[in-house]
Amino acid sequence: MPFEIPAIVQDRVSNRARETMKKIEHFVETECIPADEIYEAQISKEPSLRWKTYPPIMDDLKKKARAQGLWNLFLSKTHYSQGAGFTNLEYGLMAEILGRSHTASESMNCSAPDTGNMEVLAKYGDDAQKKQWLEPLLDGKIRSAFLMTERFAASSDAKNINMHMRTEGNELVLNGTKWWSSGACDPRCAVYIVMCKSELNTSSDPFKQQSVVLVPAGTPGVTVLRPLSVFGYDDAPHGHAEVRFENVRVPRSNLVLGEGRGFEIIQGRLGPGRIHHCMRSIGAAERGLDYMIARVNDPNRRTFGKLISEHGTIRSWIAESRIAIDSCRLLVLNAADKIDRHDAKAALKEIAMAKIVVPRTVCDVLDKAIQAHGAGGVCQDFPLARMYAGIRTLRIADGPDEVHLAQMGRNENGRAAEIIKKHEKQEARRAELFRQYKIDGKSHL
Amino acid sequence: MPFEIPAIVQDRVSNRARETMKKIEHFVETECIPADEIYEAQISKEPSLRWKTYPPIMDDLKKKARAQGLWNLFLSKTHYSQGAGFTNLEYGLMAEILGRSHTASESMNCSAPDTGNMEVLAKYGDDAQKKQWLEPLLDGKIRSAFLMTERFAASSDAKNINMHMRTEGNELVLNGTKWWSSGACDPRCAVYIVMCKSELNTSSDPFKQQSVVLVPAGTPGVTVLRPLSVFGYDDAPHGHAEVRFENVRVPRSNLVLGEGRGFEIIQGRLGPGRIHHCMRSIGAAERGLDYMIARVNDPNRRTFGKLISEHGTIRSWIAESRIAIDSCRLLVLNAADKIDRHDAKAALKEIAMAKIVVPRTVCDVLDKAIQAHGAGGVCQDFPLARMYAGIRTLRIADGPDEVHLAQMGRNENGRAAEIIKKHEKQEARRAELFRQYKIDGKSHL
Amino acid sequence: MPFEIPAIVQDRVSNRARETMKKIEHFVETECIPADEIYEAQISKEPSLRWKTYPPIMDDLKKKARAQGLWNLFLSKTHYSQGAGFTNLEYGLMAEILGRSHTASESMNCSAPDTGNMEVLAKYGDDAQKKQWLEPLLDGKIRSAFLMTERFAASSDAKNINMHMRTEGNELVLNGTKWWSSGACDPRCAVYIVMCKSELNTSSDPFKQQSVVLVPAGTPGVTVLRPLSVFGYDDAPHGHAEVRFENVRVPRSNLVLGEGRGFEIIQGRLGPGRIHHCMRSIGAAERGLDYMIARVNDPNRRTFGKLISEHGTIRSWIAESRIAIDSCRLLVLNAADKIDRHDAKAALKEIAMAKIVVPRTVCDVLDKAIQAHGAGGVCQDFPLARMYAGIRTLRIADGPDEVHLAQMGRNENGRAAEIIKKHEKQEARRAELFRQYKIDGKSHL
Amino acid sequence: MPFEIPAIVQDRVSNRARETMKKIEHFVETECIPADEIYEAQISKEPSLRWKTYPPIMDDLKKKARAQGLWNLFLSKTHYSQGAGFTNLEYGLMAEILGRSHTASESMNCSAPDTGNMEVLAKYGDDAQKKQWLEPLLDGKIRSAFLMTERFAASSDAKNINMHMRTEGNELVLNGTKWWSSGACDPRCAVYIVMCKSELNTSSDPFKQQSVVLVPAGTPGVTVLRPLSVFGYDDAPHGHAEVRFENVRVPRSNLVLGEGRGFEIIQGRLGPGRIHHCMRSIGAAERGLDYMIARVNDPNRRTFGKLISEHGTIRSWIAESRIAIDSCRLLVLNAADKIDRHDAKAALKEIAMAKIVVPRTVCDVLDKAIQAHGAGGVCQDFPLARMYAGIRTLRIADGPDEVHLAQMGRNENGRAAEIIKKHEKQEARRAELFRQYKIDGKSHL
């Protein structure tokens, strides 16, 4: 199936984007998806080597993709000059295709958390920081990690983080522990972008106490304690690390933007990143649906004399999955478009909706795909269980769904005074009409 | 709240449409919503008068609306010349506003089934038919009914209908019974558009056996047997009738388009009508959400020391309702836009999705709004239970959800061969890569 | 189908109860269900007569039922001497059968709110009150209403009620308004059991400020303002009234149990009543499932060449409905059994579960049954929409589901300290085992 | 919390069972749960050793448990003489407690698939088979596997299996491949119970073509191809194997019960096994709920100034989880009780309900528990994700939910003729009553 752009955004997608999408789709379907299992097989299963080797096929994919101009597609033209010049909406559509394959995003230098980290450096980094870290990241030479979450705090609220930063002369001294530092286990990870609580402003504005610091991997005092698993997957070689900082010292110049400006930085980082995650998830759902359809039409798997696809329940799963996916896509594209027209802050509500709805919906689609595969669905023979596990974490990452729902509920509830006033006016007009038409306003009920 | 157009369709809405939407919104909020209860109170509760009187306030509303140019907004500019010149997408946004009030659609001559009937006459009627029926309908002088559904057949599949039509000389003779003939009880209903099974082609193409015939109300042999209720509502003065035809004779010239072309006609009729129903339902959901928010912020209804809106469960209902409504809107607008770019047939999938998703989602939102009102929610003091009942029927009208899901599932499943072929190619490429990288393709699993 | 008692309660049902159940089932299936439509038809549709006549068929049914000993079955043997001597569990099974028909409960003098009111009088009334009100109620000569809910208060919390009661000499003076006073519109309703806020203890214990007063219908100052509708149903002749009290005076001897003891009374009233409502709802669900099965096997309603029952989606609806119903039954019977073994207070949790789960589950079953009937399902031709509406109110009556969920959540959360202590002990033992088996407790993760 | 037996089964649980349950609970809470992580840590992570070592702590647990008489509790007294003498209902309650810990079932020699295999041998094995395999299994000296599922067949319908068995003289020759052979990777697994398709009866009764054969592990021609993973978990040392049979020869005396009697054997095997799985799942859900409650009351995890447990959404999760668990328990116990009163065949419907409802419900509870733990929930720090993955497979094992739903739907739909007849009788009686009361049966609608 050639990739289909929804009617409603036809006018918003340039010809160049359409051409690029076709190239991406071809590359993903013919190179990346077939490469996924090779990539997996090239990761050592020996505990001592597991986090030290890197699958050679990835470098080959990267070379091929870059040669076709499929590189750094994510930096939106509205807000950055270093990228490929697409809008968030256009890149959203591309990200969906990337989401079909485990290796696709990285092959085009579009994988998290590097994308968000490059955005941070491009937007907030000074020239030296850009030269040292942004350039090799854009070049795909190194990788990076973003260290925010903490094990013993409700760190989805950044005000709760405990990683301590103090200033000693020209140095910053960091102490604390982070976890779920995705990518920090990767042998090529060269820099950590660390969210700290600094001593500045502790008695005043709680939104000005966070600072973002660049810590080179291998800095003395940093210990990668262990990789965390997602359901049973360790996601090697990328991984999700628990990392300890004991009196880790870096120069003050490693501060991004300035002390106390951490909140500002992560707010700017989150919007497009959420769009990317959502659209990749949708791509995963499309792939799950493809697998489901292929499976239920397997002529060797007839039950009760029929192809599985002839059973009404399965038919309705297929239809519901199609609806779920197409709904999600519109929701995300609308958010991306609002970022393009304004910025991420203006699109807060739309981004939050996508963040809440897409992962849970895609998990449902994948769960149905798993179920349609029977025992095959939960094991390594299909990418379904793994995709499920990965996308399940998106209901937690950057704050659990419930926090976003509560916030959105509070904002929407902010309309109360206005609504009540409107109702009162309508009530007054209603009373007027009852009088005009000579009806007893009470008795008619 | 000023009506907000989603980012993604900003470019698709003309300034004239925006201006009209503002006028519609003002009229609905200040005239129609306050009028809803008066309209209700003006309907007699005496059984002998209930279906004979008509609420005078409606004619006043119609005059006011027409004076502001708010009239016949529904006929899309792409496909009709008689209308107000808006696209399906633009009118969709307007229909949402109309959906907030029971009296709004009719006040602007935009209410079902007249809208669909006018589309049929405009598209398929001959000049005489247009003069006799379309003109007074467009003028709001008469109303009409569409008679399709039958009590003792699975009539969501039009091939199953039994209303018999035979030709005798220059006359058509109709025999049979229809039910759920919405509007046929209305004292101003002047014409029935009746779907019949003619004797033509009975042995051949099952899609060429249906004919559409215009039957003036009051034609001898027509008996309105009884009004049907929806949950407990009879929806007077409009109503839903069971109507018997006993040797009803009309001239052959009352055939629309020609014998055996009924399928063609209803196919063309359904698309935009479903968009209208969906968008009006979304307007009802918005009103339900308004009521919910107003209620849970009522300072006299504290429980356990808090405003009801401060309870987390209610907060999440408000957020989920906002998400549900905004998702539905995008789904419908995307379908409307596809109709505008192509036609209803091209947008079959998108229309079906909207038809399936919107009513069930809006019912959920309204059910939550009811629940938030406690006992008030189910009774006549709020329009919530009534809106619920009305929209509940949309899950059945024009075929139950399950029929549409089955059809959509079958269509989507049609991709099977293509997917399987793609998977085979990927499998071949995978095998090639395993060889190239010297990995045993079996052992790695 | 002969009524089937779940395996798990086989030993808990006496032979006498089994015999009675058989008689009830026969009476309900052959007398009550056929009578339901006659009962409905005998209620006048003229507004002026609607609340003044009473369907003659009911008295005939009552005579027949009583002649067979099917009378006052609800008063449980454990707690009352006046009843038929069954346990709550046994009567629960009987109530399920009653729930299949609109007329069944009343025909055996087992209908709400009389049942709860008789329990109150039997348990808390003095001899004079019993003679005046309990005897004719037990005799089926009069009916009664329970006036608790108020329109402008969150009255699911009885502490919020506003109906004011003051003492003047030997008289009580009542002022205020109640609504949803079910049965108060009935021409045979002779007494209101009114929950008031008395002036006693207003500064101290908020649970000792409520009093229950007996007010004879027709007492000067009482005005039945209007009947409330449930969805569109007015439930005549029973009805749900809004009732105003203006300086209504009754003798002090009309107080039940004593001033300030209202809370105590309603607490005792609610348990078994909730069991009855739940079990009747289950009976309604069984009837809904019967209708669904009959409909989808109608040979005249084939779609796509198959009986509707041959479609997989419908098959799964039937199965899910069976599961839902059987699950609900076990939940309610377990609660009933706990009341029998102890009392309603001990069974608080079990009753609350049933109260929360059963109505929502039965609404789901009935909604599916409606959907399976297409347009027939929402109208007067089947009892489905009406049963849905009635049971929908049970999610609100006696407090909305959400209040019960919050309370149950709080109680269950009360286990926190105990669980945390258990986890700490297990953690200590785990550390011990790690030492014993010489494993580094940290590194293994 | 002392283990609480539902009211409804109080009379069905002997004092001896209660005493045993107390001992089991104490052993599980103080020995098994703390041992779970040690057991895990004792499994080698080196690929070459992973399936060859066995955690020493298990043997210690087994010794301790057996010393307390906690051994072979599963063989029900009604149907077997070798067991501990409890009913299925009593053992069900015990199995729930076992389900709280990964190591508990095996420590008391009550773990699948050995339990089902021992039932097969006890019920259908001849004396020699019992001596060779049942005795050491009952003694906990060896383990066993049950080989049924096949990769390339819809093997949930046993008629579809392809493993070929032919007779050559006194030998049986097996060819084919099985997968999801749980336990076949275990170094102590000594015997495979293999479901084959024999050449007998191939042209006649399709239910008489299956045979069950005992194949000692290590028989020439048997190759364990690979372990399958469940989500990311390999469940070592137990594991789920793909196993190839190439001309595997065993004596004819290794046939169980006789050629062509395989269907009969698995039918008898499944009932109690499903009860065990369900009850263990319920125990897992209880443990998940415990974790959830502990987590949301952690004073270090306040959000928005409140304990997480003070948020309404979480409160409702806790309540809904309690309801879900208690409902499931009643459903399973009712099925167990019916097996006790009759046999597994008589309890087909009740067992199927439990099989369908419990795994999906427990997955929901565990998913909420995971969500309440944030990122901690999906990783190795809590047993939640692992329990989720394990129980997720129960929606597939022994046939996917949808197959059971379809079957149950078909059975329930079998009541159609009876219902239709009942409705016709009621319709006749209704017509009679309309005449008797002189009402026009049509006009009243």
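The chains carry the letters A, B, C and D, assigned in the order they are written, with residues numbered from 1 in each.
As a working rule, a residue touches a chain if its C-beta (ideal position, glycine included) is under 8 Å from a C-beta of that chain, and two chains touch if they have at least 3 such contacts.
Per UniProt, the chains are A, B, C, D = Acyl-CoA dehydrogenase.
What you see is a predicted model, and the numbers here were worked out from it, not measured in a lab.
Counted as hops between touching chains, the shortest connection from chain A (Acyl-CoA dehydrogenase) to chain C (Acyl-CoA dehydrogenase) is 1. Among the other chains, A has the CA centre that is most remote from the centre of chain C (Acyl-CoA dehydrogenase). Two chain pairs, B-C and A-B, are compared here, and A-B has more C-beta pairs in contact (counted per touch definition above). Centre-to-centre, using mean CA coordinates, chain A (Acyl-CoA dehydrogenase) is 37 Å away from chain B (Acyl-CoA dehydrogenase).
Multi-chain contact residues of chain C (Acyl-CoA dehydrogenase), defined as those touching 2 or more other chains: 311-316, 380-381, 402, 405-406, 445. Interface residues of chain A (Acyl-CoA dehydrogenase), counted against chain B (Acyl-CoA dehydrogenase) in their complex, comprise 1, 6-12, 29-31, 33-35, 37-38, 40-42, 56-57, 290, 293-294, 296-297, 309, 312, 314-320, 322-323, 326-327, 330-331, 333-335, 337-338, 341, 347, 349-350, 353, 356-357, 380-381, 402, 405-406, 408-410, 412-413, 415-420, 422-423, 425-427, 429-430, 432-434, 437, 439, 441, 444-445.
In the complex of the two chains, the chain D (Acyl-CoA dehydrogenase) residues touching chain B (Acyl-CoA dehydrogenase) come out as 226, 311-316, 443, 445. On the side of chain D (Acyl-CoA dehydrogenase), the complex with chain A (Acyl-CoA dehydrogenase) involves touching residues 45-47, 149, 151-154, 156-157, 160, 179-180, 228-234, 240, 300-304, 308, 311, 313-314, 370-371, 374-381, 385-386, 388-389, 392-393, 395-397, 400-403, 405-406.
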